[in-house]
Every structure is written in structure tokens, then in C-alpha cells.
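Below, each structure is written out as C-alpha cells.
Shared between the two complexes below is subunit A, which has subunit B as its partner in the first and subunit C in the second.
Coming up: the complex of A and B.
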């Protein structure tokens, strides 16, 4: 039981680490992209926003398969040797959650934009300065988007299984462990891990809710 | 002031990404050799492979063996793409195809057991103790009359390949029949489905034994016949860069020590071993059967 507890702990920490990296990666390009989309009002930016909205429900197995073919030894990026590594999962998950981040940031910031952005521009601020003002005003909304993205990354199975390979002690995360324990017939352990996963995402969801409420009352 | 803040934010993001990737590089590029083994699920789910790898790593601490559990069909296809150093599979007819393509080579049979036809306890198709092919004919008949169902893996795994061979030898094609259910999932899930539907299915004995406590509606009905021999083979993958180490792993599992682990595994828990080491049968006999099965 001692060993089991340690393994569950290690898997949970690995899950947080891998999905956390994915979230940071996604943030690093989602925020600038969202700000660019907000600041320009042309058709292309509206089209891109619609496109990302559509991609929110992208099935994880489809993304996993596409990434597998790209990262495979015989694929275009095979020389990187990323397949079946934790980084491959992180990259996959970061792509998976980018549409969520972009949609949430753009849609929630669009309301703010009218007040903050226009005022800043009117007062003579540059677009960069206006972006900063927008980010500062929208911190809570931003955190909410980030947590939603993280939640999706932690809970997905397809990408982690296909490009991670569920290798023991290396790329095994909560969702892939649950799938494996089910295959082994260890329903009890699968349920136990399910509770861990559910607790994690519940904490994050509650955090999103409370931030959302506080944001709304501002 | 604002543009300074922006620069700081951008710098912070870039730095954190750079640091994370650096940490990953250090994390992944250890000096150890990593052996990627694509293995059939039935072997992995029993826990035997982890046991073998543990013993192997004790002898060769610089080699890390990583298992990726997939079906035999998927394992061989991925080997062709160059994504493994070794494959452990149990589908002779598929293996032959990939051997001819030159994807895999230097194969060794390292363990065997039997496939069994399991079915509902009351055995509506009356197949208990029959020859496997006769049994398939009876199941087909009973299925057509509406009092038996058959659950198939439907995933091009070793077990599925064998099941198709049995149907073919019986001269029947159940595909598309309402009583023929394809799960497309692993052996354990397929057994659970068979249990729920009170249906017949083909299983390897290892997975069946491991699950038997949960399969209250099912029992083993047919377990005799050369055509039910289930042979597990290890192959080197042509594209692999770790050929030397992959060969060491194969040599280990066919060595006396490896064979002893295979022969003992599961004996305590189930009262009988889940797999037989090859030395308990004549290797010539196994090779003859492998060739027969590969013909199909």
C-alpha cells in the first residue's frame, strides 16, 4: 500500500508538471495572439476568432493521431526524438488548449476593450501601452481562462496516450493510468485515481467560479 | 513605464519557456540507453513485462526499458514507422508479412500459452470440449438461430487475427451478423462485454485467468487443439539505433533466468502459470506450429 501511495503521488505530480508546462507554453502565444486579434477589427481577425471557437471541441484523439504522425521517426519532425516523451504530451496539450485560451481571452476582453482600450488610446497611449492596461484590468479574466485551459489539459486522455505512450515512471499521467488499470481489471485503483483527478479539476473549477464572480462584481 | 512592463512580461514568458525546455532536455537526455518496446496488451496487462524489465535492469543498470502497450497490429505498424527498438507480438501471420517487408528481424519465440473459447455457463451452442473449428461452426449456427452471441476484439490484435483464422478455417464469415459484436477494445474489456451479454468470445488464457473472478457468467469451454496455441515472439526492429541493447534484452528473456521468471509468473496467484516458457515444449514443434499459423 505504501508503494502504491507513492506511485499515485508521483503520477499526480507528473500530471501537474506536464499539464502545467502545456499551459505555460499555450499562454506564451495565446496572450499576444489574443491581443492582436482584439486590437484589429478586420475580417481576418474575426475569421480567426471563429476558427478558434470551432477548434475548442477538437477531439483529443484526432490531435493525438496528427501529432503522432508528425513526431514519429518517419514523420517530418521525427529527428527531434520527441515521440513518447513528456514534452510531446506538453506540446500536444498546449495546442489542444490554445483555442480555449484564445476564445476565452478575446471574448471576455472584448467587453473590457470598449472601456479600457478606447480610453487609453484616446488619452494618447500606444497600442502596446493599451494592451498592458487591458491586461492589468483583465487579470482575473485572464487567470480564469488559464485555469480553464489547465483543466482541459489535465483531464484529456487521447494526446497523452498516443504521443506519450503511457510509459511507466516517464509519461504515465492520471488519465492514462486510469485507462490502463481498467484494462488490468483493477477497478478499485481506477476509481481511486478517478477521485484524485476529479478532486484536482474540482479545485480548479471552484477557483474559476470564484474568480469569475469576483470579476463580475468589479 | 508601460512598454517597460511589456518587455518584462515578454522576457519572463520567454525565459520560463526556455528554462522549462532546458529542464526537459536535461531530464530526457540522461546518459542511460532507453529501449522502446512496443508490446501486445495481453502481455503487458498481466504485469509480466515489468517483472522481466526489473530483473533485466538489475543486470544492466544503464539500460532503461520502456514499454508501450498496443495491439499486435498497431505494434508492427509503428515499428515500420521506426518508433520502437523491439516488438513483442503474437500474430504469426502478421509477423510474417512484416518479416517479408524487412521491418523486423531476428525473431525468437519466448513464451506461449493457449487461446480458449469461453462462453456462457449454460453453453447454448453446446460446444464444450469440441474441436475449435467445430465449436466455431456450432456458435455460428446458434447465432443464426438467435440463441448465442459472439464478441470479437475487432482491433487487428493477435487474438483478433486468430479469431478470423478460426472463422476462415470453418468456412464461415460472421461479419455484419446481428449476433456478432465487435468491441474494438482490449481483451479485458472484450471479456467484460462478453460477460454482460452472456456471449462467446476467444481469449488468451492469461487475461482470462487474471479476470476470472469478475467474469461470473463465463467459463472455459474449448481449450484443446494446435490451432489454439498462442506464441509470443520478440523481434528487433530494422530502423532501431539501439540494436545491440535490444538484442541483449531478447537474449535475456530467452535465457534460463528470463525463462524461469516467465514460467513462474502468476503461479502463486492463479495456481498455474499464465505463460509457459519455451523450454517446456520442443522449440522445433513450436516453430512448426508458428509456420502453420503464419501460412493463413
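Coming up: the complex of A and C.
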């Protein structure tokens, strides 16, 4: 029982770490990209937004396969030696959740942008200062998008399995362990991990909902 | 009147969507004192104000600010000119935080001293609610805060969109008095409205009547 508990804890922490890293990576380019997209209301920007919207439902195994081909020894980035490392999973998941972040940020910021941007600019803000004001006014919306992305990263299986390789004590995360333990007939561990996963995503979902409500009563 | 001390629209055309012009061939200059733009709902007052306050770029024509054609100027020149001009929306957006935070905002981003905030707040009748969160304000209060935030940084050109909407009689006359006071100090104030506002005659420099995207008549008083 003691060993089981420690294993569940280790896998949970590793999952949070890997998917947390993925989320931070995705934030680092999704926020600037979203700000650019909503500040230029032309056809190209609308096209890119539609494109990201379509990518939200990208099957994780397809992304995993593509990354595998790129990162494998004979692939173009094979020399980096990233395949079957936690970083490979983080990178894969960060790509996976970028469309979610960009779509949620751009759509929820659109109306806010018109008001905040116009107000800040006319009161003398530079475009940079206006962007800061927009982020500050939209903090809740932003956190909401980030949580949704994190939730998707924690819960996905395809990328973690294909580019992570499910190596014990190294790249094994909640979803991949559940899949593996089930095939081995080890239901006990699988169920514990399933409960942890469900709890995590419920907490995040509730947080997203309640932030949404608070945003609405602004 | 000095040409280089004003904002002039020259043959301005504007459309939000392609092909449908909501402003057609507008020429108008804004100078010291109060300029009133009157017209029914949907006639283009707000659009005209946003163009003159440098927020919207005309599809055709020029916006000349103190002798410089604004949209052909470099980015740094544009930022400098823009800082003299301010537009107040009919339903103003207030930033999250307190009344004080909002009135201080234009001063903060310019790196100015914040000591004026309290006096200006008093002048606009919001001195007692400086620490109130803006979530808790009524529509009229929000309007007063937005106006205080506008005049606090001593702009040269002020564009007010329906500034008396939501205000009760006491606050209406308060705002009219304040507009007149700043106009007398040499600020150019443009007021768009569908109402009749009783400004003192000597303050009003011109009234432009709009209908369906064009200026149909201008009455000049100075």
C-alpha cells in the first residue's frame, strides 16, 4: 500500500510538472500571438483564428506521430535526442494546446479589446501600454484559457505515449500509466490514477466555470 | 484663429464594411470653444468623433492635426499628437479598480504627478467616492468619473459623445458648467448629441447638423 501511494504521488507530480511546463511554453507564444491577432482585424488575422479554431480538435495521436517522425533518430530534429524525454512530451502538449489558448483568448478578448484598447489609447497609452491594460482587464479570461489548456494537456494520451514512450520513473504520466496498467490487468493502480486524473480535471473545470461567472458579473 | 492650433477633417469618407459609406465627404474644423454636432441616431456622430479624435482612420480624405496630416505621419509623431486628443464614449469603459485608479490612469501613463487627482475628482462631484470600486457605480457616476479622467491631464482637444446621457438635472448643469469653464480656458471641446444642450451662446463656436452620414448645415458663431 505504501509503495502504491508513493507511486501514485510520483506519477501525479510528474504529470503536473510536464503538463505545467507545456502550458507555460504554450502561454509564452499564445498570448503575444493572440494580442497581435486581435489588434489587426484583417482577413489574414481572421483566417488564422479560424485555422486555430479548427486545430482544437486535432487528434493527439496524429500530432504524436508527426512529432515522432520529426524527433526520431532519422528525423530532422533527431540530433537533439529529445525523443522519449519529458521535454518531448511538454513540447508536444504545448503545441497541442496552443489552438485552445489562442482561440479562447482571441474570442473572449474581442469585445474587451474594443473597449479597453480604445479607452487606453485615447487616454494617451502607447500600444504597449494599451496591451498591458488589456491583459490586466482580461486577467480572469486569461486564467480561464490557461486552465482549459492545462486541463487538455493533463488529460491527453496520444502525445505522451508516442513521444514519451511511457518509461517507468521518467516519462510515465497519469494517462499513459492508466493505459498500461489496464493492459497488464492491474486494475487497482489504474483506478487510483483514474480517480486522481478525474479529481484534477474536475477542480480545474470548476475553477474555469467560476472564473467565467465572475467575469460575467464584472 | 490659428490653423496650426486645430484639427481639421478634409473630405473624409468612412465605411465600417466595404462599399457602404457611413460618412460621406465630411469637411469640418474643430477650434477653441465648443463645437456641437447634432443629428439623429445613426447619422454618424460617433463615427465622426472617432475619426476626429484619431481613433479611426478615414477610408478617403485627411485628418490634419495642427498642420500635420495625421495618418501620413510617422508613428512617433502620431503618438505625440494623439496625447493631446481624447475621446469619451457615450458608455465609457472604466478600468478595474477604484475611482481614484481610473482618474489617475492618464497621469500615470504619462509619468505625471498624481496630486491633481483629488481636486479634479471634487470638481466633477466624485471626490467622496475616490476609494469606491467602479463596479459599484451607477451609470451617471460612471459618466462623471470618465469625464474627470478626461480633463485631469489637460488635453487640448476633447471629444464628448453624448456626455449628458444618464445624468440627472443637477449633474447635467454641473457638466455643462465644467465644459464651459474648460472651453473658456482655450480647450477645444466637441460635443456630439441628439439633445438640445443649453450652452451659453458666447461659448459655442459652431453647430454642425448631421444627417445620414453628411453634414447638412453648419452654423458659425465666431
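In this text, the second predicted complex is superposed on the first by the 218 of 218 C-alpha atoms of A that agree within 3 Å, B and C clash if a C-alpha of one lies under 4 Å from a C-alpha of the other, contacts with A are read in each partner's own complex, and residues count from 1 in each chain.
Please note the rule applied: a residue touches a chain if its C-beta (ideal position, glycine included) is under 8 Å from a C-beta of that chain, and two chains touch if they have at least 3 such contacts.
Just so you know, these numbers come straight off a predicted model, no measurement behind them.
Chemist: So which one touches more of the residues on subunit A, subunit B or subunit C?
Modeler: Touched residues of subunit A are more numerous for B.
Chemist: By the touch definition at the top of the document, which applies to A:122: first (subunit B), second (subunit C), both, or neither?
Modeler: Once the two structures are laid over each other on A, A:122 reaches subunit C alone.
Chemist: Counting only touches as set out at the top, which of subunit B and subunit C does A:183 meet: first, second, both, neither?
Modeler: So A:183 only meets subunit B here.
Chemist: Applying the document's definition of touch, where does A:137 land relative to subunit B and subunit C: first, second, both, or neither?
Modeler: second
Chemist: Output check: A:87 vs subunit B and subunit C. Expected answer is one of first, second, both, neither. What do you get?
Modeler: The answer is first: A:87 touches subunit B but not subunit C.
Chemist: Now for A:21: first (subunit B), second (subunit C), both, or neither, which partner does it touch?
Modeler: After superposition on chain A, A:21 lies in contact with subunit B alone.
Chemist: Applying the document's definition of touch, where does A:72 land relative to subunit B and subunit C: first, second, both, or neither?
Modeler: The answer is first: A:72 touches subunit B but not subunit C.
Chemist: Just checking: does A:165 make contact with subunit B only, subunit C only, both, or neither of them? Give me first, second, both or neither.
Modeler: First partner only.
Chemist: Which subunit A residues are contacted by subunit C in one complex and by subunit B in the other?
Modeler: The answer is residues 125-126, 129, 133 of subunit A.
Chemist: Okay, in this complex, where on subunit A does subunit B touch?
Modeler: Touching subunit B from subunit A are residues 21, 24-25, 27-28, 31, 72-75, 78, 83-87, 125-126, 128-129, 131-133, 135, 165-168, 170, 180, 182-185.
Chemist: Where on subunit C is subunit A touching in the complex?
Modeler: By the definition above, subunit C touches subunit A via 53, 55, 79, 82-83, 85-89, 92-93, 95-96, 105-106, 109-110, 135, 149-150, 153.
Chemist: Quick one: which bits of subunit A touch subunit C in the complex? Just the residue numbers, please.
Modeler: Residue positions touching the partner: 115-116, 118-126, 129, 133, 136-137, 218.
Chemist: In the complex of these two chains, what residues of subunit B are touching subunit A?
Modeler: Touch list, subunit B to subunit A: 2-3, 5-6, 9, 13-14, 16-17, 20-21, 24, 27-28, 36, 41, 45, 47, 50, 66-69, 78, 81-83, 186, 188-189, 210-211, 214, 239.
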